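Presented below are the structures under discussion, each in the form of structure tokens.
Both of the next two complexes hold chain A, though its partner changes from chain B to chain C.
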Partner chain A sequence: MKTVSIDRSKCVGCRNCEMACAFARTGTTCESQESNIKVNHYLDERVLMPMTCLHCSEAWCMSVCPAGAISRNADTNAVVIDEDRCAGCKMCMLACPFGNIHFDNEKLVSRKCDLCDGAPKCVEHCIAGALKYEDMNDNAAALRCKNDHKLIAQAL
Partner chain B sequence: MQTDVLIIGNSAAGLSAAETIRKYDFDKKITIVSKESGPAYSRVLLPYVLRGKLDYDNLFIRDGNYYIENNFYYIEGLIVSVNTESKTAVCESSEIIKYDSLLIATGSNPVKPPIPGIESEGVYHMWTKDDLDHLMPHFNKDKRVVVIGSGFVSLQAAWSAVCKGLKVTVIELADRIMPSVIDNKGAEILTGKIKECGVDLRIDTLTLAIKKRDDGTFVIDLKDQSSIEADFIIVGTGVKPNTSFLEETDIDIDRGICVNRYMQTSVDDVYAAGDVAGGPTAFGDQHQIHALWPTAIEMGKVAGMNILGKQFVYEGSLNMNVTQMYDMTVASMGQFTDNLDCDEHLMPESSGMGYLKICAKDDQIIGACLIGKTSAMKIFGMLRPVIRLNKKLKVDITRLESDLQKLTYGVAH
Partner chain C sequence: MAKQEIKKSCCRMCGMLCGIDVNVEDGRVTEINGNKAFRANRGRICIKGSSGVTQLYNPERLTKPLKRTENGFVEIEMEQAMDEIAEKLQSLQADYGTESVGVWKGEGIGFAQQEGLARRFIHGIQSPNYFSNDTQCFAGRYIAYNMVFGTWPCADLRNTNLAVMWGTNPPASHSYWTQDINDARDKGAKLIVIDTIYTEMARLADLYIQVKPGTDSILAWGLIKQLIDQKMVDNEFVSKFTKGYDELEAYAQTYTPEYVQEKTGVTPEQMAAVIQHYRQAGKKIANWCGTGLEHQANGVNNVRSVGYIDALIGAVDVPGGMMTVEGFGARSLEIDIEPSLMSKAIGREQFPILYGMRGECHTLLLMDQILSGKPYPFKGLVMTAADPVLTNANTGKVEEALKALDLLVVKDLYLTETAKLADYVLPAASYLERSELQYNGINQTVMLTEKVVDLGHQSEYELFKGLADRMGIAELFPWENEDELNAWLIEPTEMSLAELASHRDGYQFKPLTYEKIHRALERGEKPFNTPSGLIEFTSGHLEAIGMEPLAKFQDAPEYLGVEPDEYPLVLMTGARKVMYFHGRYRNLPQLEKVMPKAQVEMHPADADRFGLNHGEKARVISAYGAIDIHVRVMSAKEIVPGAVQITHGFKNANVNYLVGDGITDPISGFPALKSVPVRIEKIIN
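Our next item is the complex of A and B:
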């Protein structure tokens, strides 16, 4: 299964990923508040960190959704929100320990990364090689994902 | 009939347990019984359907083939008694079900306060799909509704009525709204919003009587306040765990069914989970009833794991609540009430998040309460593991969001 892996040490903070995501979602704007990926800057620590859904194997948001609106896409393994079913109750935002679920203030539904049906635009537009869409079974990718899985295990 | 696992309850806790068992074992015979007919639906969605945010069909949270695909044996029926010695449960239809393991996930039911006239036709709760079916035809513009009680569910019912253009009155016995869900300041802010939305909010008053007139409308008499007229009434003054069918058993019940960290009751092979159960909390309480959806899901999972014999320990429930009403996001988590001995940190107005209070004790966050904007919800999500795992964090409120991210993602200085 493929996923978006993040190599913080390579991120240059250009925010191309945010713009690409915002545009892919809306088709009209590149404004970063419309994006499902966020690059955080921690100046004191000199760290840049892109944050996007980790598609946790035990996804809490999915178990807890009281509307049955969150499921796993069988083809891409992405954890996805069905916006017709989403009530906009925000329980998934309470559940996500990573702050990776966002809210669409116009449609009044939650939104999150869906891996662009298997062709993530954030990866396509990453100029630094910090984001990769790769098979987790691949050794190098597995190493990069290990950090994420450690985080998931700690947080859930 | 005979079954390996009998689950009484076809909702959050019951299904979470059933699905957990299925994940590891496809052969165990699992029987699910529900007194409500039809496939599983979500109570949480009732107000969203009432106000027209969701289609009625979306109430049903598992698709049509669910029971067959998962090899669940589903019985529509009321369980009237259980015998834990012979390991049997009896349905209203007199059918006897023999089990190896029993999970009680029967939830809770609304209580009726002792008000004369409360049994009249036209007085409803908003708790089940049946209630929704009764309420839907009344949710028309120009109708007048009185909501008795101002808890989380009642205020959502009132908000649905506001959205549909009804004339709404809310009556509360206490001197403020939503006693257990938000703090005093939060209640004050929300009270302002509720009134701005045109609701006639009557606090600090007792409902003396509900009188039905010949034309079918109601007059509600209040103590020391003017009476109110209404076309129908919604009562939401608290709930009580569904345990009456257990009277003849030795199962320990203290309001709810007492369970340990494995969701075991005091009787072997009998488990309980969800609104019906009082279990351990993240703050060290032994038997607390939350009556919240996420807690029901967690408890169901723990019960399922232990029915499989996996010795899975529950870390303790953490109360968390969120909803959108009166154009505000209302949320709370952990400990946040006014009487606590703790440090309170208020998010500055410039954050644009609204009223957000963080409670901390010795560099450990213990709870939060919000009447404000969705943008604050990410803080709540990240707080959950921080509160649960007792992670240390010195609260600097202006940097809280980024400090939480750093803690979450292990970004070190």
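Our next item is the complex of A and C:
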């Protein structure tokens, strides 16, 4: 199954992903705080870290939700929140080890990445090519190739 | 069931022309996505691109022509507007001479054929005065690269071993290059960024070099000396393909590491690291200059001196180096004018190279001429998609001059700050409302964009044809519509419009090839389109007009000559933000919310020095004007101390009130947008 893969070494922190996510979600604003994907910038260490829901196979947010508001989309494999069922207890936010669930202070429900029903806007707007929507096995294969090429270059 | 279709176009929310898939439902655009099959952007677009939907249906868009009256603007019919504009242009030409009127094209709407149409029209009515935004962005680099290489080369970023970005920030200005650079990095390429600001691009860099504003060329010459001293010059390439090496070698001797450090702030160790990267990369090296180098009093020579590096290494017309790309072979819309008329072109005497290479007049001198009437009166201007009140240097003078015109016509999507000064404002059709030819040089592709929707707005062709018909030059615009025009343009390529239309993901007209210069030499042809036919360290164009032919560092930055007590800081402007394009898109609500206010970006030490806090408002003052603006204190590593940065295009804190038009590059006439002497004061209520 496809998910959003992240190559942090390619991220420039342009925040097109955040802006696109915020707009896809709200239809009114591109402000970063409305986005479900977040890019952390550690300037002194020169590290950029884009982060969004990993749609874990064993999704702790889903198991812990007392309202049964979190489920898996059969088509995309996305872990999604039904905001009509969400009680706003924030248990999912506590359960997520990565901080990838956010709280909507107006609607008083949790919100998270839903993979835009299989066409994630963050990936489309990643002008650096740091985000991809792909099967993680393909991602691993590409990584292996990349390392192979480095070794080949060294050997030649 | 709604009728759904995907139409193919090129994004024109900036100048990069990414391929886009436009979703149309029942005749209405619902979404814009990146075209995955398009070679340049490979399915990815930026937030400006997808916001094109909001722009298309923005309620602020003009729908009817406006005419200025004693009671302000009134709506009139298009026929009346066109009749009156044509009549007024004719009467001005009769009273003051045919050269007393001009056209000015901007970047705001993205007409591909707009420039050619504007030039054809103005020359057709016997005026040499064509103006554009390019004389503040692009033309300086175009001149510089053409002086050195005889062409506008393209950096082969995807295949390079070493990309060196000088004063350019692709994530904000050339979005898909970011992807190209990352593709090269995947294959082991390195990236060096040379900039006064720690930009988005700099975050990826293997080596980030912070320079003092306006000193890039001193660093370039320092590197040239090192290449010579360390025997890294490709002597065979240089002797075969270049002119003026001896002069270059002699001049470079002054640029010792110590001297370079004193002037630029770059240490000998940093320079050695750059040289080491050059050494390791072989010939797959691409140095590329952005507006950071162009917007200086030494702008053209900044860019030329960086171009010398590629030439000395022989990184030209090789994979991963500076590519010399080929054209499609389509027709040009330009028509010749009489030499006696050409000699009256505004700025031609002062900047003969600008006019000679670009056929462009000088916008800053235009303002002086409007106000003085010297050397001849200039009375009428037709502007399309330009907003110089926000984007030209010395806004105070721009406003005064434009108000002094007898006729100002502005065609745009919106009632821009410039349109507010106009006598007539004409609503324009956007890029999604037209079919046009769009080119991508790096990939050698052409695309005929689809007319996605028709909202009933007058196209650019209709404007110029309409005026031409009324002014007695109908024969110059014989095509019934833009499709016929497009067919005429591509006729020499032996490709029909229908055939081109079948390549909606872009058609590569020629495969990318390298080593063309060697084959040219073998055939006895000139390998480069310069006066000597070679790469020119000493420019034949400059020799011909008696100017210094080598790209010596001619002028110190403007601020170095100014009393530091009065103006202790140097202001840099012209750097873009990701979500805006020059003066555009502050009226797209979702983007405006991201950065609603202009900011003066400064080093924490400078903020301390002037007692300023992050978020508060301060007054920035230059010899030309003052603006009140919010303070953004950056991290100490993000900006060079002693300099402040203000992005242009904010109408409530318009930085161009501060920027002078007095000191310009002697070759291109560009204003020194990146080195404006200023002071900053706390606002005490």
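The rule we apply is simple: the second predicted complex is superposed on the first by the 137 of 156 C-alpha atoms of A that agree within 3 Å, B and C clash if a C-alpha of one lies under 4 Å from a C-alpha of the other, contacts with A are read in each partner's own complex, and residues count from 1 in each chain.
What we mean here is this: a contact is a pair of C-beta atoms (placed from the backbone, for glycine too) under 8 Å apart; a residue touches a chain by one contact, two chains touch by 3 or more.
Note that this is a predicted model, so its numbers are computed, not measured.
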item	value
Clash or fit, chain B versus chain C on superposed chain A	fit
Touched partner set for A:67, first chain B, second chain C, both or neither	first
Which of chain B and chain C A:44 touches, first, second, both or neither	both
First (chain B), second (chain C), both or neither touched by A:125	second
Contacts of A:23 with chain B and chain C, given as first, second, both or neither	second
Which of chain B and chain C A:89 touches, first, second, both or neither	first
First, second, both or neither for A:101, with chain B first and chain C second	first
First, second, both or neither for A:1, with chain B first and chain C second	neither
Chain B versus chain C as contact partner of A:14, first or second or both or neither	second
Minimum distance between Cα atoms of chain B and chain C in the superposition (Å)	14
Those residues of chain A which chain B touches in one complex and chain C touches in the other	44
List of chain B residues in touch with chain A within their complex	12, 16, 42-45, 48, 53-55, 58, 60-62, 293-294, 297, 301, 320, 322-324, 329, 331, 333, 374, 377-382, 384-385, 389, 401-402, 404-406, 408-413
In the complex with chain A, residue positions of chain C that touch it	33-34, 41, 43-47, 50-51, 171-172, 175-176, 178-179, 182-183, 185-188, 198, 200-201, 203-204, 578-579, 589-591, 593-594, 635, 637-638
Sites on chain A touched by chain C in the complex	9-16, 19-20, 22-23, 28-32, 41, 43-44, 46, 48, 119, 121, 124-130, 146, 149-150, 153
Residues on chain A engaged by chain B in the complex (per definition of touch)	40, 42, 44-45, 47, 49, 51, 63-64, 66-68, 84-85, 87-91, 93-99, 101, 103, 105, 108, 151, 154-156
